[in-house]
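Sharing a structure here in structure tokens format.
Residue numbering begins at 1 within each chain, and the chains themselves are lettered A, B, C and D in the order written.
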Amino acid sequence: MSSILIADLNACSRDDFVAALGNVFEYSPWIAEQATLARPFDGVQQLFDAMKTVVDQAAPELRLALIKGHPDLANKAQRAAGLTAESSAEQNGAGLDRLSDAEFEAFERVNSAYRTKFGIPYIVCARRHTRNSILRDFEHRLPNDTATEVQNSIDEIYRIAALRVAELVVSEDRLDVFGRLSTHVLDAHSGRPAAGVAIELVELSDLGISRVVTRTITNADGRTDQPLIHHRPVPIGCYELTFSVGPYFAGRQVATSNPPFLDQIPLRFSVSEPESHLHVPLLVTPWSYATYRGS
Amino acid sequence: MSSILIADLNACSRDDFVAALGNVFEYSPWIAEQATLARPFDGVQQLFDAMKTVVDQAAPELRLALIKGHPDLANKAQRAAGLTAESSAEQNGAGLDRLSDAEFEAFERVNSAYRTKFGIPYIVCARRHTRNSILRDFEHRLPNDTATEVQNSIDEIYRIAALRVAELVVSEDRLDVFGRLSTHVLDAHSGRPAAGVAIELVELSDLGISRVVTRTITNADGRTDQPLIHHRPVPIGCYELTFSVGPYFAGRQVATSNPPFLDQIPLRFSVSEPESHLHVPLLVTPWSYATYRGS
Amino acid sequence: MSSILIADLNACSRDDFVAALGNVFEYSPWIAEQATLARPFDGVQQLFDAMKTVVDQAAPELRLALIKGHPDLANKAQRAAGLTAESSAEQNGAGLDRLSDAEFEAFERVNSAYRTKFGIPYIVCARRHTRNSILRDFEHRLPNDTATEVQNSIDEIYRIAALRVAELVVSEDRLDVFGRLSTHVLDAHSGRPAAGVAIELVELSDLGISRVVTRTITNADGRTDQPLIHHRPVPIGCYELTFSVGPYFAGRQVATSNPPFLDQIPLRFSVSEPESHLHVPLLVTPWSYATYRGS
Amino acid sequence: MSSILIADLNACSRDDFVAALGNVFEYSPWIAEQATLARPFDGVQQLFDAMKTVVDQAAPELRLALIKGHPDLANKAQRAAGLTAESSAEQNGAGLDRLSDAEFEAFERVNSAYRTKFGIPYIVCARRHTRNSILRDFEHRLPNDTATEVQNSIDEIYRIAALRVAELVVSEDRLDVFGRLSTHVLDAHSGRPAAGVAIELVELSDLGISRVVTRTITNADGRTDQPLIHHRPVPIGCYELTFSVGPYFAGRQVATSNPPFLDQIPLRFSVSEPESHLHVPLLVTPWSYATYRGS
């Protein structure tokens, strides 16, 4: 998908508009089509609100069809038959194409139990989640009644659509759909930012193997040149951030024990607000460290 | 092995003395035998020094025989043929009877390379070590010359013997052969010691699987009723101490995020001085924590 | 006052008993006299409870006389006329003999306002308080009704009496009337307890000048040989504990800035529970520090 | 003094140039005059370097005259007779017009001892200093020989001049003469920035009374809207930054002790690098806090 200016969306033909935004809602170009009637849009938030209004005001059977148009998560048969490019990228981004056997079985069980109870697919905005959090959310949602889950499905569809719109449309305003995860290493032994500390961010999984999200190294400010995660939601889930402080202090000729008391420092924490800025700093000496949820 | 009073060792017959202490040095009752000549002993330190003096003053070929009398570490054939009860317990205590395949191969390689170069077995006081540190020490010792390694072997044999003596002999004085690892959880959210926090101590291994050393729970003082490791050397190596703070704060109805920012907090650290007291406390809120090497 | 064994108090004559304990309640030997009837006592707690029971069961006018027998706090005229030795020592211990002019006026105002409203002296167990906390408590008590303040007076008299008994009587059990204030300095730059750090504890005052409670220096364990305050209640109030870390790190040849970022570190905190153990540690590098309420 | 564009300084007449910059060096318009020969200047750094070159290449007697043209610090007679507007503002900014008697005597002694030994006034760039650091620097400089102090005087004059130029001249580049002192309060009890915390920054003085530098309050980010000190050098000296955390936590209905364990938290630290960015954060709960030198 290439990006398009809000001004162009306001000026273009209805067909071009639908061509640009028809896939924002899975298999439902009628939503973009009807949204053209609300043109012109001041910005992307107004555009997105117009599309939501179309869905909000649609007949119940249309809304149900929209829901049912969504694929299962991590369903091999559906993947083989072909997903939309958007769904495929979103599911793969959450690692749903690289599940362990135990995770695969868990997803099958979840999809099946959910469909059996509610008659609709289990819909989650995959880009806001990790494997773990998708499965955990299911446990919270399964006991609900059908009306609640129809609404939950619509809400998740809005989140999926908002992210698709945010990446498609260029506008001065922005949808509030991205978060950020950052870190900072302060060397309290020398009273300076710690430069050159290797950092690894890993997504933990209860059922499968851990997945490396990113590896980087601190710069002269003790920060990373880019946030660990940015320009996207920070997926809800459990992470471990590991700092190679042993090599760092060894490189500075700081006297320590052998082996060093602290070598690889893991900080394990969970993300609960994908659209927020979460800062997880490390204040460290060869003999002590501290961290906190910063912002 | 049952314990014996220093007074009884001073008063008993030479045969009974050797019966009691003959296994302190592997397959070398002659050391205990000659040490009887130095009786009476004020205490266990004087007794142990007398035994060391016997070894220090022994002819080189006797010392070499003492060294060669020691088994390889984690050698299956030797285990099948039978180790002394002491060696077996000491090796098992370090987990050498439950190695992963990769560790097994590493130990075979180490034993063989060491024997090939020096003509003697690779001797390490296993109770002062973990699987990892035994293999790491080897890397430091292999480049040495033979004279250095003969002395290193004797030093390790003294450490082995000191621990055997410390457990056999009851005396007012003590050999300085035991260390201690302890922890303490302070809840800085409530300003109180954190009671009821589940704690797990795991020995990490580069080549094998982690091994649970102990599981326990904090008492009303935020401490554990017993130190995590005590009445023995704290094995040199890398550990992870994990605190279940998520359930702790949930049990106190403290408002947090969902999932909680902090749930299982791992502190990863190394032990370098087996005979010291190492204190690794946790100062924690639902949003921050700190640790340091205390004493 | 010299100390006396509980066994001797059980065995001695009624006159000797009263001679020993007659001053426990200010100008009221009749309380000790009646308490002899409850002999023998298992220990000091039982003895003290018996004395309280005498007061609890005394006629209202006797209780009022007991209350009225107490001196004002920091009253110059009464001091000139002579206080009991006990009252004098207790008031002086709280610094009531060295008030600033502003404090003096405040105490006069308090005594007078209290007497005017309730017809009795304002009674506080001075050993549990600082100048500040006595004046603050007054603000809380003045709005009360007379019945409440009669009871509050009796409660304070019990606290005064309990401390006098605790210092007079030797018994295996102890009255729970003493607290403790301690500290500990951990040098996170070297990973060791900080030895040789000069420490000053000061009692702060809103109206007067600060008063040095104690000056000391840390030992090899980073602790003080004696707790900062012990064998007595820790007076309710606000304190500043100052650590000379600049000289400490300079003495260890640790490179810092000029002047050093941290030189004299003040920790300002309040005591609210005089009978508890309060631990206020300092975890410090030349560039950072942390403290917490420990126990 | 009003500001002037570098382009205008390049284009204006020699007289206008001298009119604009004649006071950059105290009573020495000849320096600006000669610097006009080096026009045009790319920016303010090049301009300032040109002025320094004039001084560097001036005859020794001219340089000495420049030095001798400077006033004493805190000299009442000279103040009465009139200082340049620049000197007056600079000295007042450092509080030299509001000295305690003891400080006044100290400055008199310093000026006199320095003049007696070296025959020149004791010159310090007052905007980079506090009362304390001026007096401390004197102790370091008095033992020097005359050549060293002539050079030190020139260096201080350059610092004074650089600050005057930086405030006079508008250019795309900047002289590196300003620093910054900032803070940040993170509430580790709630895991959020602490908003609404009153903060007071005080300059401490060994001989005089403390001087409030600024009072402010944290915003929604736990920061202050403006840095505590900025757009100027951060004066070398000792400071105390006090945070009103008692009222903050009380306002959030957090249960604490009475009186609260922590109420006013003082952080006492020194500034050694006036042109750097110094960040002094507070990480706090009702029962614990930590700080560190950040950047």
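Heads up, the rule we're going with is that a contact is a pair of C-beta atoms (placed from the backbone, for glycine too) under 8 Å apart; a residue touches a chain by one contact, two chains touch by 3 or more.
What you are looking at is a predicted structure, and each value in this text was computed from that prediction instead of being measured.
Visitor: Using the touch definition from the top, list the chains contacting both chain C and chain D.
Guide: Joint contacts, listed by label: A, B.
Visitor: If you tally contacting C-beta pairs, which pair wins, B-D or B-C?
Guide: B-D
Visitor: Cα centroid separation between chain B and chain C, in whole Å?
Guide: 48
Visitor: Find the geometric centre of each of chain B and chain D from their Cα atoms only, then give the gap between the two centres in Å, rounded to an integer.
Guide: The mean C-alpha positions of chain B and chain D differ by 58 Å.
Visitor: Two-or-more-chain contact residues of chain A, please, as numbers and ranges.
Guide: Residues 188, 191, 257, 261, 283, 287-288, 290, 292-293 of chain A each touch two or more of the other chains.
Visitor: Give the list of chain C residues in touch with chain B in this complex.
Guide: Counting only chain C, the residues touching chain B are 186, 188, 191-193, 221, 283, 290, 292-295.
Visitor: Going by the contact rule at the top, pick out the chain A residues touching chain C in the complex.
Guide: 188-191, 256-257, 261, 283, 285-288, 290
Visitor: Give every residue of chain A touching chain B within the complex, in rising order.
Guide: 133, 136, 236-238, 240, 257-266, 268-270, 272-273, 287-293
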